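A single structure is presented below for examination.
We just call them A, B and C in the order they show up, numbering each chain from 1.
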Amino acid sequence: MRGSIIRTLILWIFFLGFFGYAVSIQHEELKKVRSNQPFEDNLRLPSSEVLKLTALRYDMVAADLLWIRSIQSFGGRGMTNRDWRPVYDLFDKITDLDPGFEQCYTFGNMVIGDEGGRQKEGLGLINKGMFQFSLLRQYRIPFEGMYVANWQMKDVDKARWYGRIARKRADSPDWVPRIVAYLEVQSGAYYIGFDRFLNNFLLAVDANDIGLQSIALNKLKESVDKWNKSLLNKALDEYTSSTGRLPSRIEDLATMPALKNYEVAEISRLVALCERYLQKLSRPELSDDILTSITLPTQAQMNAPIEDTTNTRNMLGLQNLIFRQCLVKRSGIPEEPNGSHYVLNGTLLGTKPTDERLEVIASENGVREYLQNLLYAFRATIDKRKKELGRTPESLREVFYCDPVTTEPFGGKFQYDPKTGNLRSTSAPDL
Amino acid sequence: MAFRAPGPCPQKTTIMIVIQTEKLSKIYSHDFIDVEYGRIKFNWFRRTVALENLDLEVKEGEIFGLLGPNGAGKSTTIKILMGILFASSGSAKIMGRPLGDKSVKQQIGFLPENPFFYDYLKGEEFLDYYGQLYGLPKSVRRKRIPELFETVGLPAHAPNLPLKGYSKGMLQRIGVAQAIISDPKIVVLDEPQSGLDPLGRKEIRDIILSLKESGKTVFFSSHILSDAELICDRVAIVNRGRLTAMGELGHLLSPKVKEYEVIASGLSKETVENVRRNAVKFIERENDVLVILPEESQARELLAKIVQEKATLVSLTPRKETLEEYFIREVSKAPGESKTAGVAGVR
Amino acid sequence: MGKILAIALNTFKEAVRNKVLYFLLIFALLIMGFSSVISDLSIAAPEKMVIDLGLGAIDFFGFLISVFVGIYLIYNEMERKTIYTIVSKPIDRQQFILGKYFGLLITVYVNIAIMSIFFFTVLYFREATQPDVVTKAIFKELGPGKFESVGNYYVYHVQAFFIAAGKGIATLFGYWEPITHHLLRVVFMSAMSLAIITAFAILYSTFSTPTLSAVFTFLTFIIGNLCEDILRYADKLAQKAGGVAQLVGPDKMKYWFAMVATHITPNLALLDKFSDAVHGPWDAKTPTIHSVPIDWVVVVYGITYVAGVLSLACLIFNRRNFK
């Protein structure tokens, strides 16, 4: 009896000791996995032919599982190394397994083309999908191709080719021909861009995916912003050529022909419409997380009439309706999408900046940021000069050897204090 | 159910022969790769002779015992007759019809060796299922099944008990019940008593006898010879696939007494010493002695002594040759010199 | 006929006592229930996921049931020697084979029916518990943005489940809504392909052991699924060589082997309508649902195939000695 107790005890000790040690090793290994920075998912899949054979007749199920995997992979890679090449393989294989999976072509193109910057591979996927479906259906796929060609590759001929195919599909809505026509003019790209990201956004709203919603909303804001700025820049050109001088305020441009009775999409209107339709569909409203730094709708916009929604129950089905209602005909200075308003950057006014990021017309926040960067650069130079001289420079001329900037972005002049060596802005003294 | 003779019957006038085999042989030729009970076997032209030129005749209304040691070919014979195996050569007829005839099968009840039935079925469901296989209409089944439970002597709870809960003896009994569910003319039982205790064996014996009483022909195989001896009208003995002997028990066994067994107590020492010299077997315990004497005269002498010495005679048994002894004698003979005279004599 | 039915019913009674059956069934139901969760991970086409997984599970688990239950049915009869009593009864051996086949088929079809009902229930329940439907059901809109609660969230879900289950059973008898449109037809075609596979399971178990039967049935299933791919492969071989006559050596052997294999194994892809259920052409009468046409030629093909395989099984079984 005594012996058996001791043996039991020893076995227990053995068990706890060995098992515990094994668990502790496993714990350490798991820690390593967690701290591993780049997203390493195993996507070394066999070729599509082999996959199709091994999946037997259940290739649709296999495609679904890979599709879910691809979404995880997209999220994981987006947060870590942003290496999209393996994801492309994944989408390629999914569409081989289930050629009728339309969303895979468009979503795959968005992941690889938009996020990954590999437009050619994205278009490859689009082409595959285009020829997969009969010529009569799925306008969305060639439409996506048109967007990528025009918006990102700046290849209008290619875009027109995709556009013509999209227009011929039986299910293409009435505005597709209109947008294809816009390809001729510069502003056409904005229509396409807005519609494209609207699609992504509504998809994300339906899926309740906050991350994807905010990505799509940022893209939407960006496209509206570019759209507005293209109009404002046109107006600026008209103003300078007609009056022969530079405008002092942004409001001076409001009377220009470019800003008369033009059509543009508004983010505030989009938010209002989304909220209204979500309410009508009895679905939860948009998350507050994505509604930061955005132009929120006015009460009038919130009360504007909306259309009947009996034909659909998800937001994606309302895309054409929402797109049409987001477009507004107006005159004057357009609405800034990020909750700010447009101003002239006084510093850049009159110059012809070669860098695209230097915008003469920008949002107030953007200009303020520009001013901040400018001040930071100046102060750094002053400090450097101070060390060289061993005293505070007497004037800005002594620092820069010339008068550096005559005008502040918001107007007025920089104030330099020779005693302390402090540089201050008159328009924004807090910076 | 009345016996309906299928087709013209050649021996209508004399005793009817219900089972007849002619030169029945079975040779198991093993496949090159044979899968047997989940195991793969490789065989190089291996053949096993299970049965060789077996000629049997079973008459109507008798209890016929097919006897032989294990592996003699008893089960093979029965399986061929029941259509479970196919004969390699030779032929067999049941009721004058070739094997596999459905109208004949209707007249046969069969209980295999060590039967294992669908253990998830209740006794009643089980018999009902087998009744359906005989094509009995529902009304007949409903009437017949309770009767059967009574006939084979199963307890009252048996009909509603799944076969899983049956004891070995109960299983054997319900096995007999399924064999006679269609009121057959012939009942074939393969080793009906194997694995049963003495009481169970006796009960099966009684059932077989009652089957005979109700006019059925019973054909059964057994290696329990003492039981066979008690009930069989005729027996056939097979060994190594050949028929060794066939005939009525009285003909096969020699009728004369072989030896005498005497048990007595209170004999004098002198007499005991005397007897010991003549005895085939001698056992002495305290006062009692057991003596087996080969000659009748020696037994008479001993009896006289007992009377003389006023000792007590406990028992006197004259022993004839048993089937078992005959069997052992026959089986241990060389294959050539089997007693075919018995067969000829019957014919 | 009555004897075949008796054997079939007894086979069914035996099959439903097989534990493997319940493990498979429970696993299939879990997968279907889980498909609803998986579909939430997708950002588009969640219904597609549920339908794909559900139909796949019904088909594949039906196959597994027919294999794992089927291979033991005849083997057990021989192993336990119950076949002795059956064969000695006034029945033909082919009646026994047919009885076993139909018994197994009843088992498989009952399971398919259970899985289908569960599958339809999942679809209807999913539909009824979409956030907008739930909100509409348990809140009354008084004005813009003003709601009054008229129902209990949990009570609604329990109710919805029972309604969905009722509809699921009704769907098996022809009722449909857009979400389940022609799925019953897909299941019907799956059942047809399972009838073929079940016949093969019976055929193999007439002459071999359970393990080997399972392997053979699996192989038949795989080759049957890949029938068209193998044919394409053979054609490719011939094309590469420049015609069938030009094939030499191992390629020629491969070609003819593939040709024979594709022609004698069942082409299960003919009976596969999964893709039509999700991507098929729009129905002519109701343009919001996919149409799944029933190809009656294929149904006849299935029936004749089953009859052929069963005849072969009877041929083998009729000559069989039971040791």
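Note that in this section contacts are C-beta pairs under 8 Å (C-beta built on N, C-alpha and C of every residue); 3 or more make two chains touch, one makes a residue touch a chain.
On a predicted model such as this, the values are computed, not experimentally measured, just so you know.
Q: Chain adjacency by touch: line, ring, star, complete or other shape?
A: Per interface graph, the chains form a line.
Q: Compare the CA centroid of chain B with every other chain's and tell me the farthest one.
A: That would be chain A.
Q: Averaging the CA atoms per chain, pick out the one whose centre lands closest to the mean of every protein CA shown.
A: Central chain is C.
Q: Report the inter-centroid distance (CA atoms only) between chain A and chain C in whole Å.
A: Taking the mean C-alpha position of each chain, the two centres sit 46 Å apart.
Q: Compute the distance, rounded to whole Å, between the mean C-alpha positions of chain A and chain B.
A: Inter-chain centre distance comes to 94 Å.
Q: Could you grab the centroid distance between chain B and chain C? Build each centroid from C-alpha atoms only and quote it in angstrom.
A: Taking the average C-alpha coordinate of chain B and of chain C, the gap between them is 52 Å.
Q: Please name which positions on chain C make contact with chain A in the complex.
A: 38, 41-45, 48-49, 52-53, 56, 59-60, 130-133, 135-136, 139, 144-145, 221-222, 225-226, 229, 268-269, 272, 274-275, 278-279
Q: If you look only at chain A, which of its residues touch chain C in the complex?
A: Within the complex, chain A contacts chain C at residues 52-53, 56-58, 60-61, 63-64, 67-68, 71-72, 98, 100-101, 103, 107, 203-204, 206-207, 209, 212, 279, 281-284, 313.
Q: In their complex, what parts of chain B are in touch with chain C?
A: Checking each residue of chain B against chain C gives 35-38, 79, 82-86, 102-103, 105-106, 108, 110-118, 120-121, 129-130, 132-135, 178, 188.
Q: Under the definition above, what is the set of chain C residues touching chain B in their complex?
A: 2-3, 6-7, 10, 13-14, 17, 79-92, 208-212, 319, 321-323
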